[in-house]
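Scrolling down, you'll hit the structures one after another.
Same chain, two partners: chain A is paired with chain B first, then with chain C.
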Partner chain A sequence: MIALRNEVGAEILKSIRAPEFVIPTLLMPSAFYFLFGITLSRGGNNAAYFLATYGVFAVMGPAIFGFGIGVANERERGWLELKRLLPAPPYSYVLAKLLATLLFAAAALIPLYFLAGFVGNVRLPLSAWSGLYLLHLLSCIPFACIGLSLGFRFNSSGAIALSNVIYLGLAVLGGLWMPVFVFPDWMQTVALATPTYHFAELALSIVDKSNSESLLTNLSIVIAMSFAFAGLATLSWLKAK
Partner chain B sequence: MDARQTVIQTEKLTLMYSDFCALNSLELSVPSQGITAILGSNGAGKTSFIKCALGLIPYQAGLIHVMGKSAGDRSLLSHMGVMMQEADLPDLLTPREHLTLICSYFDDNASVEDLIRECDLEAFADKRYRLLSGGQKKRVQFAASIAGKPKLVFLDEPTTGLDTKARKVLWNKIRELSDTGTAVVLTTHYLEEADALADYTIVMHAGRTIAHGPALQIRNSLSGSRVRCVSNVRLDIIEKSTNTIKAQYSGKRLEVICKDGTTAARELFELDPNLSDLTVESTDLEDAFEHLIAQQEPISIVSESNTSDISTELKQ
Partner chain C sequence: MLNSVFNKAILSISLVVLVMLIVLPKPNKFDFDLLIKGARIISHQGVEVEADIAVLDGQISLVSKDIEGDAKQTHDAHGQFVMPMLMDAHTHSFGDALSNTLLFGVSTHVDMFTSTAFMNSLERAKPQARLITAGMLATVQRGHGTQFGSHVDTIEQDTDIRNWVAKRKQEGSAFIKLVYMPNSRVFASLDLNTAKLIIKESQEQGLLAVAHVSTQQAALEMVSAGIDGLVHQFADTEVTDEFIALALQNEVFVIPTLSVIASAAHSDVTKGFTDKLSDNPSVSSAQLAQLKSRLGTTKIPGFDYETAALNTKKMHIAGIPILAGSDAPNPGTAYGLSLHQELNLLAQSGLSTLEAIKAATTNVSKIFSPESPAELSIGSEANLLILNASPLESIENTLNIQQIIYQGELIDREEPISESSSPKLHATFLSSFSTGFDIDGLLAWAATDDSIRNGNSKASISISQERLKVNAEVNNGFIFPWAGAAVFFDKPRDLTDLSHLQFTIEGTNGTYTVMAFSGAETNLPATIPIDVTQTETVASINMKAFEGIDLSKVRGFAIVVSEPGKFTYSIDDVKLVKSN
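Showing the complex of A and B:
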């Protein structure tokens, strides 16, 4: 337990000491939300819509970059091999990274929610605020699994490039920056294959903005994709060993 | 060597990388006391042996026991310390933070403050790891390797890339560690390092042990002399002498490794009465090492037929 606590502490310290990680992951989603979700969309109903989608975008950064680049870098410099020779519980490294990622995701959501409430005039019942916050936090998990797979399979420069492509690609195609209904038909079809789209639909349902015909389908797809990404991450981990 | 006195024992240990035989039926014993230096040129199999002993890579045939258990047994991890040549600590933590984390993995651990003091890390204990010099980083890695009060420590090329001063500081720490009763396995290609530190020496070449024994004995296995001078004598004439083991020129400076220094000096004077700057010294570990390597046959690549022989002995 002490080892896990220290491991989480170390992960948090490593993250906050890397401005190239902290600034884009903590501040960029809020800045984008302020610009596109509030200012350009003139607040109110649209601000609530974009709060739901930009919340998913906000947690993707810590999850994909924290795991993908962090793991690739530490694997490359031999730290993971060295850790195999220490009597640390085998799961502690990944668990500590996941807990630190959840903490960063939670932190990244705070300015977003403040902007929504105080600048965008989003008005929701407390249960909706807390439900949305919980859903946004949970949406970290499949993206962390994607990051973990990248970290175990690619070197750090490869992981940086791929993380960016996946991060921005899933955000745009999943309708996190602009609603899917403005896309051409083929892009709307592609969106259905992204986890971001289904998470966004679940989040939109909490703020009463979802166009989904079946939230149960969205939920099932999200769960199935999470298991698939977790399986991929496990395979990548075993292969890297 | 009695099995009770050994901390690592291999029997016909064989490791293949594709068609390259990194360890070729390696027979090796590491004593449970003192510093054991494993010497060998690049590709001799030193790091491969260490990785097998640590359970990091699966071997194809043979056996390796570490502290009486099969290599890779997780229960060994609490009793071993490791400093790997190619493994580094994360950049963004300080030495104190690294040691706090690593100590917490062990049930019976050293105190962080003791490690900082014993390894002379006070001056930079709270500085980020990436800002440290090469020598400082190695000392932090060394401190990390002894965080769990290990009975056995592997140091894989611990001083590679360090300047002479930093290397000697680390040598003192390694010697102090050995004096506490911890068995130290040190791989190095610095013969001076092995000469300064080792109680027992194992010389590897092409994945095999070609010599082993107390360091002094290995050094004395080539009881001869090194003669140096500035001369114009032709090399082929010197090499014809039965007294000569090896001769080479470095610019105008001639170096002759020979069985008897006085005889060699006399022969050289006869060949070149104008020679100058003559010195005669006893041979050292480096000469013995080169002599041992020169006596070996060229490195052989294991043929397909040999590979199939190995596969029949695959370890369960």
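Showing the complex of A and C:
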């Protein structure tokens, strides 16, 4: 356990010492939310709606980039090989990264929630605020697995390019930036295949009780997808050299 | 060292998240949606009691002194008076009737004949009054009700009455209205046996049957035949004791519609009411003109206002239930507003203020909507009229409205268009059609037809040889069918410096209609007929001849056909001039 905590501590230190990664990852989703979710979409329940979707967007960044590019880098430099020779348990490397990512996601959500509550005038019961926060935090996991797979499969420049495509693609297609119902029909069909869409639906059901027809389906799909991505990540890890 | 970084990070983030979740804004928990404090409430017994009224989910949830609890909205009504919103027991609802009437505190129209198209079109964003309607009326070919041009499913010799009533029920008719005018020199009428059959069938199928009558003889025959109510007072002879005894025995109610009888009788009994409205900001100039207009060009025989008022008083004293109905939008009436006029007339004819109020509230709801009583009781729909002065003191105070709450929501009573927003226009071309339909920043031409009122007419316009060409096909459907071309200003214009609307026209032979739109958007247009032939003629129309026009706020004109058929015509050189 001490080893794991040290490992996570190291990850945190590493990140703090590279603020060019940390600051944009933490603040960009909130800036986007402030611009598109609050300022440019006045009236109605829009601020609450976009809080639900931008919350998913906020945790995707640290998860996909932190893992994808970080792991690819470290693998290229032989750091991964060195890790495997150390007496620490083999999973601690991944687990530590996951914990660090969760910490970053937790931090990235804080400015977003403050903006929603105090600028966007979103009002929710304590249970909804907490439930939404927990859901947003957990939605990190499948994206971390996606990042991990990328990191183990591709070299760092490939991982950067692919991470960007997946990050932006999933955000837009899943309806995190704008509601899926404004899309043409074929894009709405594509949206159903993205984890972001189903996380957004779950989050929306917390801020708006009327949006809860397909909760069980959304939940099952999200869980199934998480397992699938975890499996993919494991495979990639085993294959990685 | 790394270990402590981890601990510090976990600890600080957890702490910040915890604080955040606690301080983030929570929804307020309210006991009520609306709390009206300190109002004087007009009770059934006609006394004023000071109390609070709490509204939740569109219903009155509590009426009591000093109600405790948080409300989303609170209305301080100290010094104000609260009564139920009114119900109009006799209307013909078209167009924006149901949203207009709300603005004068009328929650419900008991409608005595409208189109099924209107009945089926009641899903709009604007709040609107409830419609309880007879739908299609029972009359014969060339009978009263067929003169408006809209389709009427008339009763013929071979009509199966059971099926006819069942069809109405299926269309959503809440009761059956029949027209019985056996002695009319103008209209054909159902015979007594058919009328009896309709009454019997309606009642067997669970619907009330009410009758339009205009003489005491016809009224007596209907009451003997078992009718549930009469939708007009008769104004030909003074009511007999025989009629009163029979009406009481058969528990018949009467909707006198004194407003429209005053209009048919060309009586000036309504002058006092309309004169006071001229400085009421909620009343538009066109509504005022509608109230001042009269049914027919001269007094219609058989309509004596004094007799109608006396009969109403006698029936009321004898204990026959009197229901207030306006018969809007007939000439001399306007939606909503006329119900207040009706209350004035009822009070003048001998009902106390409380009895007049009951005539437009509980008397109507008892018969037409027993499930939703018009009263301030717990569990009733929150339809409240908040007044600045007591209606028990003077019935005129029902129009001294402070606030209207309909189904628990405050009704936004917007001001009519203000004078300053109508720029003055001097002699001008409305179009010569050499450069197109529109003049930027002034006006636009468009095809117009009654399809916007769910009618079946069609119109299209084009420009050919620098003339406006109109194809119009008028079909029955809407009660006042039309199709043609219209020109609208970008905003209401003041035309008081001008006198005539002129244009050249040629087309299919016939009588066309020129319409003028003025004042509020909801007003019906004023019309003038013109004869058109295939030879080009210049039409010059004195705008003052448009009945009820408000020349200071003209929105536009239309040149249309309003009789069924196919018409093509062309228009040119449309202008507004000043001539002496």
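We take it that the second predicted complex is superposed on the first by the 233 of 241 C-alpha atoms of A that agree within 3 Å, B and C clash if a C-alpha of one lies under 4 Å from a C-alpha of the other, contacts with A are read in each partner's own complex, and residues count from 1 in each chain.
One rule holds for everything that comes next: contacts are C-beta pairs under 8 Å (C-beta built on N, C-alpha and C of every residue); 3 or more make two chains touch, one makes a residue touch a chain.
Being a predicted model, the structure only gives us computed values, none of them experimental.
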Three-chain arrangement built on chain A, chain B and chain C clash or fit: fit
First (chain B), second (chain C), both or neither touched by A:6: both
From chain A, separation angle of chain B and chain C (C-alpha centres, steps of 10 degrees): 170
First (chain B), second (chain C), both or neither touched by A:14: first
First, second, both or neither for A:103, with chain B first and chain C second: second
First, second, both or neither for A:78, with chain B first and chain C second: first
Which of chain B and chain C A:129 touches, first, second, both or neither: second
Which of chain B and chain C A:28 touches, first, second, both or neither: neither
If touched residues of chain A are counted for chain B and for chain C, the larger one: C
Chain B versus chain C as contact partner of A:86, first or second or both or neither: first
Touched partner set for A:117, first chain B, second chain C, both or neither: second
Chain B and chain C, minimum CA distance [Å, superposed model]: 7
Shared chain A contacts, counted only where both chain B and chain C touch the same residue: 2, 6-7, 9-10, 13
Touch list for chain A against partner chain B, complex: 2-3, 6-7, 9-10, 13-14, 17-18, 74, 77-79, 81-82, 84-88
Residue ranges of chain A in contact with chain C within the complex: 2, 5-10, 12-13, 103, 106-107, 110, 113-114, 116-118, 121-126, 129-130, 133
Residues on chain B engaged by chain A in the complex (per definition of touch): 54, 56, 74, 77-78, 80, 82, 84, 86-90, 92-93, 97, 100-102, 104-106, 128, 148
Chain C residues touching chain A - in the complex, by the definition given at the top: 1-7, 9-10, 13, 16-17, 20-28
